[in-house]
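Shared between the two complexes below is chain A, which has chain B as its partner in the first and chain C in the second.
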Partner chain A sequence: MTRALTLPLSRRSVLAGGAALAATTSLPRFVQAQSAQPIRLGFQLHRTGIGAAYGRWYERTALAALKVVNEAGGISGRPVEILFEDDATDPRRGAEVVEKLATQAGVDLIFGPLFSHVVIGSAPRAAELKIPYLVCSEGYHVASGKLNRWVLQPGITDVRAQVTAMAPWVTQNLGRKVTMIFPDYAFGHDHRDFFSAAVEAQGGEVVARIAIPPTETSFTRYFPRIPRDTEVLYHVMVGPAVLSFVKELGEFYGTGPRPQIFGFIDSLEAVDIASPGLQFLEGSHFWEGQCRMLQPDASDAERFYRAAVGVDDAGAAVEDPRNVSCYGHMFSVWETLFAIKQGMEACNWRGPQDRQAFVEAVEAITDMPAGRERPQGAKVFNARLHQAFGHQFITKLDGGRLVKVHETRIEDSLYDSDVDYTAMPF
Partner chain B sequence: MEFGPFLLLALMEGLVGAAVLALTASGLSLVFGVMRVVNVAHGEFFMLGAVAAWFVSQWVPGPPAVAFAVALVVCPLIVAALAALADLAILKRLKHEPEATIVATIGLLYILQQAALTVYGPEARPVPAPFEMRLQLPWFGWSGYKLFVIGAAAAVLLGLWLMLTRTRAGLVMRATQIDRETATAFGIDVTRVHAGTFALGAALAAVAAVLIVPIQQAHYLMGGDPLLLSFIVVIIGGLGSLRGTLLAALLIGLSDGVISTFFQPTLAKIVATLLVALVLVFRPQGLFGARA
Partner chain C sequence: MRMLALHLGVLAVLAAAQFLLPAYHHTNAARIMVLAVYAIGYNIAFGYTGLLSLGHALFFAAGMYATGLLVDRGGEPWLALLAGLVAGGAVAGAVGLLALRTAGPAFMIVTLMFAQAFHLAILYWGGFTGGDEGFTLSGAARRLGPLDLADPTTRYFVALALVSVAMLGTLALVRSRLGRVLVAVRENEERTRMLGYDTFRAKLLALMLSGLASGAAGSTYGLMFGYVGGSFAAIQYSILPLIWVLMGGAGTVLGPLLGTALMFYLIDLSSSVTTASQAVVGAALIGLILFAPRGILGTLRERGLRGLP
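On to the complex of A and B.
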């Protein structure tokens, strides 16, 4: 019922945003291009619904990357525009957004969604419309082979690779008996399946698996199911109630004994880690796709990216320290836009007639070195899986600061697979 | 965890749910009882209370307890005023006909929800609890604030009961509930009673929201669950019967707490919905409903 009503609002704001964008991007430096027609990219945005916090920052990151791309001459000398369309973080609406962007707005390709149920719901429509669909979604659904040749994920490592890379560190440093708390949908199931397998491969054991609906608002009732002998509590939550989740976890353990805690930063994205009630997290560990708080050894590229998006050293918006970013994920939007640029330039993009050539051009990418295009770090792209593989970070909350304690290698995240998208028809 | 502490936690969680549910559902029940209006927008009044509490927490300086106290008084008043306005501007013009008002309140639901999205935004925002206190039991810790929620809800419900049974306003409302035409004949301004009842119903939802928002955070989509659960409670208890509503809220709240702690929250919802179906089949007027 909600989604039907968010549509008119978002349409209006997209139009306004598009008009503002068109006004700001018409710079005179694109004259050398064969065609000065702007390249129009569609962005499937979680502006409302349970993914709204991500949507806010994905939009901001996309606009920052767009500015950098256009100031450097756009794509093949042509200016670039992004058209944002709200999907309300809803799979059915997601498919409609793909349709609308492709047929009504006439964009060249579509990128940007994060939530796995939206991606899984939208991907079939992208294939029917034969339009490239580049996702920033983390989930294993791309690499699993269950989507189609038009779906690519060049900007972020998938969950299976992330947990495969980190499980050895967790079992060796924190404990071997793990209880998992995860959201009860595709993304959470990826965690459940692949972290369990990775822990067992290390000689550890997952003693309980607690699934929580992503729309849940009250969590205390789930915690008694955490077995007493749990050594490591592994949590990954999403949705508007993540702050309640960690707060109630803190209340539940109180001052009593608690297991080691290893959390995906997803449970705290867009949440101030200094919020009242979160003190118990001190000393616990996190996975971060990219370190929210600026580390002393941060690269120049990362500092450039941080400044361009407008994020301070603590990971919040420079203009408002209460507006905490989704720093562990949003780099994927930046890196995906640069992968789009690389792919379009490699296939001499002229227009929608080159969509298939674009997919093939991205499939031809293997090495993705670190740099301003990839501030999170180097990656390798596996064309058969349509998936990028990169470094992962483990941080520890120490004196209120997230301090990096471990960085996985790209090799740690690789796994065997017989999926081959390049053999699939368009 | 051992069975005893497990059950204790389940009951405590269930009581919090029951307390908030009793407040919300009694608002819905009151509106139906007096006005014969099925208020589908009831959950949005709940949401508005929470969102208003967030704004108050931003604007009122000083310790969180002061802002919370202000919110507890001001937010229900704001929501009540809005509800009275909605009644006079929309429902009264439809002469409070049951079918028309259902459609109208569905529209109101969307208008309120989208207005909140526009003004407040799509984020979930925390409102600080008036005090940070933790009960440390030997087996687990629990938020002391949740105890306060139970107590405050009980106090408000007691106040509501006294108002309905001991004051002139309550008398007038009950008179209108029993026979609208005779009440009019006795000089009762039914239009005012209706506006007042609608406002009171919305205010009760808003009080519940202000109480729950330090636990749950304010979000523009938060009205869905309370609405569904309120309907379940009101149907089981008997539409229009306040006593039935309170008992059903206790029943549903506690069973929800126990079932979702021991098994699955989804199972708790299934059981509650099944209960509604059984009540509708075998006792359509509800456990305490007066008329079929």
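On to the complex of A and C.
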């Protein structure tokens, strides 16, 4: 057995001595002022790098939610502030940003990142600093159990839940023989593995899995590998190359018969669906975390949320129709802020000394009903997985509009797992 | 002797800083010291030998993955750390045997392509490497015998020890016969060969030493911060040490440490005051090229500090 090396005179002891002296004189004033102190939340923002389009809308959504929270009295009557810090969508910088927000800015907790590698790269530092880290990602990394007890995802479902929920509808309505086209890295592999399993559980068959290298810019040479008997083409291409992908797919099939097409809106977040070259997608279906275009049966809560963030009925910024939102994902920021409010109020949050109590309070949440706090819809929080489960939407591109054709139930997205974060130490 | 005292003085200041720095800057300093080892390694190839590589992320990531994969599968962390060093040096040697048949822009392209191939291999075999998402290292995997690298004080001193070895090792190298040959290769390879030196062997040795330091940095960085990921093998991690070295002063022993620290804080501070932090970094680099093309310490050496190694 080994023991950690400790030094007789540590940096902490030198600094702590000075800090204690200073605190002795300032303590009474601090205690008096504490109840009126604003709650400060750190936001790890993809302002630059490959996640910048998401970052722009995540920031906008967070500010809109913050305004609503503060106008309704803040959290436990205390005003709330958000400090945004750019992580450049890079895991190394992400961990540095966690450090900066926690130890320099002194925020109470951190939330907001989307990209999986940033989340996974930052999570160890969040655990070392013992600061709650609430992510708005959708990869299967929180629920997989590979992270730690300080990481929670109460605002969006993970990709495994998404594909598990949708596979039955795809096989029953579009076809049973599926060819998958996906990027050849972790996000695509999650789709490949979990969608394949879900399709086969429905009696369907994945007839081909076509992995596209991430550096690819032209896709024509991959299309002949699509088997002729394919009934559904499932694509999850992400990034700027998606426009070339769709255009070349259209050229490949021409005006002849083609399989049904089912894609993830991730491919087209922040992209105008009416962009030149995307006409070939007319009639195809999409997964959307939340319907980008306002549906006739949209709830009052969804309309309130849309107006608060400043998104028009087509899913673009009200002040600029060319600025298309990341509507299928950005609700997670809004809902995560309200989950933070719920957790803080449940644990009678006073300050950083309550961070562990906050995690336990969020773990105690189960039902998350629909409403202004959750405009995407009701959710169920699974404390063992630190993961929310909710509804999914399938839309069809019809006359240039994404029209909802199906909404999955929460139960459709559940899956078995032996992960249990609540058994992990803090 | 004065120069040795200067370098020891810098290390003494870093040791003293451990007791004085606030928490945020304390961890930053540990990060900077490890990344500076990467820059020091790059400087051996680029600054002293004139080998402009665009593929050093390969050596950094080779060290990081050799160590990370071994400890993740239950390997002894000390042995895994050693494997990281060996991986960095050995991969650099293998790449050098092929890439050093070229020179100039061709060398840049060949090294870049090796690094890109490695990056794509990490993504392709994601089931084994963790792909672009990477993987985290458990607490047990980060304990080097009695040294718990999750502990801030221990982490700081391990980083300080590493940068001390790298810096003093470079100082010894550049003052050695081999070091003078490397500089001769940089200044005029043809003449050096004419004088009877095996310049291919010298360049290969330089690249291997460079890879060894890069691998050590990658290996230690993974253990210290508990994460191994494909982004560390991407092209920007080949560009970063070049920028750090250029800023601090190519061909100076202290330049890589200074450049790494300055770039780190330039990004950190500018992101606190403006959303256009990348523009600030770009402007700083343009200013550097216009007014101090030899980097900060390189310029100081030109303007008076002639003995600076």
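In this section, the second predicted complex is superposed on the first by the 367 of 426 C-alpha atoms of A that agree within 3 Å, B and C clash if a C-alpha of one lies under 4 Å from a C-alpha of the other, contacts with A are read in each partner's own complex, and residues count from 1 in each chain.
We take it that a residue touches a chain if its C-beta (ideal position, glycine included) is under 8 Å from a C-beta of that chain, and two chains touch if they have at least 3 such contacts.
Source: prediction; values computed, not measured.
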item	value
Partner chain in contact with A:V380 - chain B first, chain C second, else both or neither	neither
First (chain B), second (chain C), both or neither touched by A:Y253	first
Chain B versus chain C as contact partner of A:S218, first or second or both or neither	first
First, second, both or neither for A:Y185, with chain B first and chain C second	second
Partner chain(s) touched by A:A317 [first = chain B, second = chain C, both, neither]	neither
First (chain B), second (chain C), both or neither touched by A:L294	neither
First, second, both or neither for A:T48, with chain B first and chain C second	both
First, second, both or neither for A:P276, with chain B first and chain C second	first
Doubly contacted chain A residues - partners chain C and chain B	2, 5-6, 9, 47-48, 213
Interface residues, chain C side, partner chain A - complex	18-24, 26-28, 31, 116, 120, 123-124, 126-127, 130-137, 143, 145-148, 150-154, 156, 225-227, 229-232, 236, 267-268, 271-272, 275, 277-278
In the complex, chain B residues that touch chain A	1, 5-6, 9-10, 13, 17, 109-110, 113-114, 117-118, 121-124, 126, 128, 132, 134, 136, 138-143, 215-217, 219, 221-222, 225, 257, 260-261, 265-266
Contacting residues of chain A [partner chain C, same complex]	2-7, 9-12, 14-15, 47-48, 85-86, 90-93, 95-96, 99-100, 103-104, 116-117, 120-121, 123-125, 128, 139, 141, 146-148, 184-187, 189, 213-215
Residue ranges of chain A touching chain B (in the complex, touch as defined)	1-2, 5-6, 9, 47-49, 52-53, 55-56, 213, 216-218, 220-225, 228, 240-241, 243-244, 248, 251-256, 270, 275-277
